[in-house]
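Please find the structures below.
Both complexes below contain chain A, partnered by chain B and then by chain C.
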Partner chain A sequence: MGADHGHRLHFHAHSPLHSAPSHAKILALVAWVLLVVATPAHWFWAFGVHAVVLALAIGVSRVPVTYLLKRAVVETPFVVFAVLLPFIATGERIDVLGVAVSGPGLLAAWGLLVKGTLGVLASLLLAATTEPQDLLLGLQRLRVPQQLVQIMAFMIRYLDVVTDELQRMRVARESRGFTARDPRQWPVLARTFGALFIRSYERGERVHLAMLARGYTGSIPTEATRRPVTAHAHIHGSRR
Partner chain B sequence: MSTPVLEVSGLAFAYPDGHQALFGVDLHVHPGERVALLGPNGAGKTTLVLHLNGILGLDDANAAGSVRVSGLPVERANLAEVRRRVGVVFQDPDDQLFMGTVRADVAFGPANLGVKGAALDRRVEHALEQVGMAEFADRPPHHLSFGQRRRVAVATVLAMEPEILVLDEPSSNLDPASRRELADVLRSLDVTVLMVTHDLPYALELCPRAVVLSQGQVVADDATIEILTDDSLMAAHRLELPWGFDPRTAAALGAGTRPLGGARG
Partner chain C sequence: MHVPNGFLDAPTSVATGVVAAGAIGLALRGARRELDDRTAPMAGLVAAFVFATQMLNFPVGAGTSGHLLGGAIAAVLVGPWTAILCTSVVFVVQALLFADGGITALGTNIDLMGLSTVLVGWCVFRGLQAVMPKRTSLVPVQAGLGAFVSVPVAALLFTALYAVGGTADIPLDKLAAAMVGVHLLIGIGEGIITALAVGSIIAVRPDLVYGARRILRARELEIRPAATSGASS
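The block that comes next holds the complex of A and B.
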């Protein structure tokens, strides 16, 4: 257990996209997503161009398309909303397969769906080709405020710890015959999350104490995160 | 005798909610000693540890007595130096290791002290070698096993070159092999150690001297073997040896003075 946990989104491979500097990838992603979002929904050909650009990038990265598609399920809530749009939006009605739906709603749904999907896939591609640590380093190089980067670093560090804790609480619940099947059991789940919140909060305090004990005075010294000059060769030599 | 590394005198402390945890603790630890701090749950062991590097007890309102580290009083003005001299390794390594890589975590302490550049790299490398974790420098801490994380936690403190290493329950949650590896590491270090523990065989194995804290007071301070064989003292302070463990036999095996075995990093 544990070995691959922090990398659920990262796909290990060697490609030009994997080795590209992380800040360049972040900038490219943001610029491209802005471009996609700014494209009017009725320029259907433009989305074809966007899709081809994305497909090329995925091809270069050697990340399997299925790997990205599986992780794209996070988009589902938006898809549901997009599918509802043609039915609940007002405006001129048109017939699709014998069902009268709203024309502007249909166009809006298409726009939401295609822009969302392209954005999600591109973000997943960034995550698949960039280690979390490099991502943080990239954000740092792009002068994102230190505090924000630090919060993200803590999140990456403790995500597994908290998920493991939640997992253990679930196993302990189920070992005592509990399964969350219908809303009547929601209060129990709510208490679980409450307990988890308090535990995480207390852990935060303990982490802070441990930081103070090592002379923390309010900011993480940049020296600590700097890569050592000679270490790279050394590490690669000793790993195998 | 030499200046004690740790000199606690008349230390009393009550938490803001009124609960008093320490009632006049006196404790001296001299350079090069390895001392076990024993005591039942709720005896005030952790509270005492948090006083040693000034996390608790800086406000005079609810504290009395004093702590000196190699002669330097633990006061707000000396806090940075005190925290360099006293290295505390906390019980849960996940509390102690919070940076993205092992290297950054070990560098955090010395970097806070202003160590830079090649000197910092050397410190990190040396500390990791001391605990046998040099080849894991670029791993994220959460990808390591529990025993490895505990050893890295020790390295994060060693990198600050402390005068005394304070370990809170160092053997808790370790499997026997990791427990032995950590013992090898601790034995190989040339540093004064104060070890808070419930693990009495571990105390006997590593620490020639033991101090018993009970209800916020030091009730015994003697050779570890004398304490573990004093049945009435042990019973009075809820200290129990594991079933079948005979400290006399173990001591006869030379546990307390065992030479370094396989402790190379």
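The block that comes next holds the complex of A and C.
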């Protein structure tokens, strides 16, 4: 089980936000981000309100702001795009520090930056305060199809196994003196993919057979169907 | 490159979300035919594989590198429905657990990088398979061409979505030209790597490649007489 090593973004703490039901957190995140996205870029005061709401949530969660900011680098490519926007967008030209830029482009860049940053910080806050298991449970309570939640559960459970496998292959390649510099090395890397796919697929088959052997009928016992395990039942191995 | 929050306006984001939800609903039904009761564990592990493929960087030269989108290769390897499920799950997990790609842009990301690359890749692959001779050695070539076409089509689709719900006025013809131009190059890489990877799998386990199964079934059983008897290995 990948249950105990959590995931890279989770920040362990005890706060009202950590213990809040995950489906409520997901709904709140989607609703709030939709609100932020729908806010016109020229309502500067509204973004101040959004930022205060987010800051309050971060304060309640006891997750350090630096922890979130460090991980906000995922949006860097779009920051670059936003910075270029005033120069490539059309519309009337205005002078900023002696450089003629597009007025609407500048406003759009501001909108893109502020909405993107608020959104990424809020998403990071959800990831930092919610364990993957709770997230899956939340999705289930939100009536996401059972099968989809199951696929997601398997993916999260085996994510570290598969990425570790890829890592081991990299170590094996490099310990044999391999360095990838240009497309001439692609055939080797592509064979890594091939091997990784075959191993993942075969692992999936083994997992499925192991589950069948343990009485898998097509659905995973969830919080609702799982009865509390008594010591007696646990010792005698009859959990279901 | 995942689309973040606020890149497209709210109505477009909601509309792409509805399209994505519908496609996933259809795919849930279709995947049962491709994988029967093995759907959950198999699709889960293939999703983990797709996630991992996006972590392996391919050097392009001059210090830059890129990674696969993986939609087309997933379609050829496990079938289009399962591939849609797997890529969608990857984007959901990336948005919720890794904050990669906006949560309101989730539908957009699934439609562009999952749904469209899978469908385009698969249709091109199947189309080529119908007109080309039925040989397993051609499957990697067809898969590579499918992957190559899928990337610029996704870029074009992004431009179309931007035209409908973009938040900044950029001359659309310039945006389309730039997007398609850059993604033609990315597509060449995607195509070559997909072809090489599918080729390496076909060499070892051709039965695992969903797109090659029809050809394998058409093969006739041949009994080869043992060349040497009792020879030591």
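Just so we're on the same page, the second predicted complex is superposed on the first by the 200 of 240 C-alpha atoms of A that agree within 3 Å, B and C clash if a C-alpha of one lies under 4 Å from a C-alpha of the other, contacts with A are read in each partner's own complex, and residues count from 1 in each chain.
We adopt the following convention: a residue touches a chain if its C-beta (ideal position, glycine included) is under 8 Å from a C-beta of that chain, and two chains touch if they have at least 3 such contacts.
What you see is a predicted model, and the numbers here were worked out from it, not measured in a lab.
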Would you sort A:133 into first (chain B), second (chain C), both or neither based on which partner it touches? first
For A:178, decide between first (touching chain B), second (touching chain C), both and neither. neither
Looking at A:110 after the superposition, I want to know if it touches chain B, chain C, both of them or none. Which is it: first, second, both, neither? neither
Where does A:203 make contact in the superposed view: on chain B (first), on chain C (second), on both, or on neither? both
Pick one for A:67: touches chain B only (first), chain C only (second), both, or neither. neither
Looking at the overlay, does A:214 come into contact with chain B only (first), chain C only (second), both, or neither? first
Look at A:154 in the shared chain and tell me whether it touches chain B only, chain C only, both, or neither; answer first, second, both or neither. both
Dominant toucher of chain A (residue count), chain B or chain C: C
Could you pull out which residues of chain A sit against chain B in one structure and against chain C in the other? 132, 153-154, 156-158, 161, 203, 207, 211, 220
How about chain C: which of its residues touch chain A in the complex? 1-2, 4-7, 9-10, 13-14, 24-25, 28, 37-49, 51-53, 55-61, 68, 73, 77, 85-86, 89-90, 92-93, 95-100, 102-104, 167-171, 174, 189, 192-193, 196-201, 203-205, 208
What does chain A use to touch chain C in their complex? 7-9, 26, 29-30, 33-34, 36-38, 41, 71-72, 74-75, 77-78, 85, 88-91, 104-105, 108-109, 111-112, 114-116, 118-120, 122-124, 126-127, 132, 135, 145, 147-148, 150-159, 161-163, 165-166, 180-183, 185-187, 189-198, 200-201, 203-205, 207-208, 211, 218, 220
With touch defined as at the start, can you tell me which chain B residues reach chain A in the complex? 50, 53, 55, 80, 83-84, 87-88, 90, 92, 94-96, 98-101, 103-105, 107-109, 111-113, 115-118, 120-121, 124, 134-135, 137-138, 140-143, 145, 156-157, 160
Would you pull the chain A residues touching chain B in the complex into a rising list? 2-3, 5-6, 132-133, 136, 153-154, 156-158, 160-161, 203, 206-207, 209-217, 220-221, 223-225, 228-231, 235, 238-239
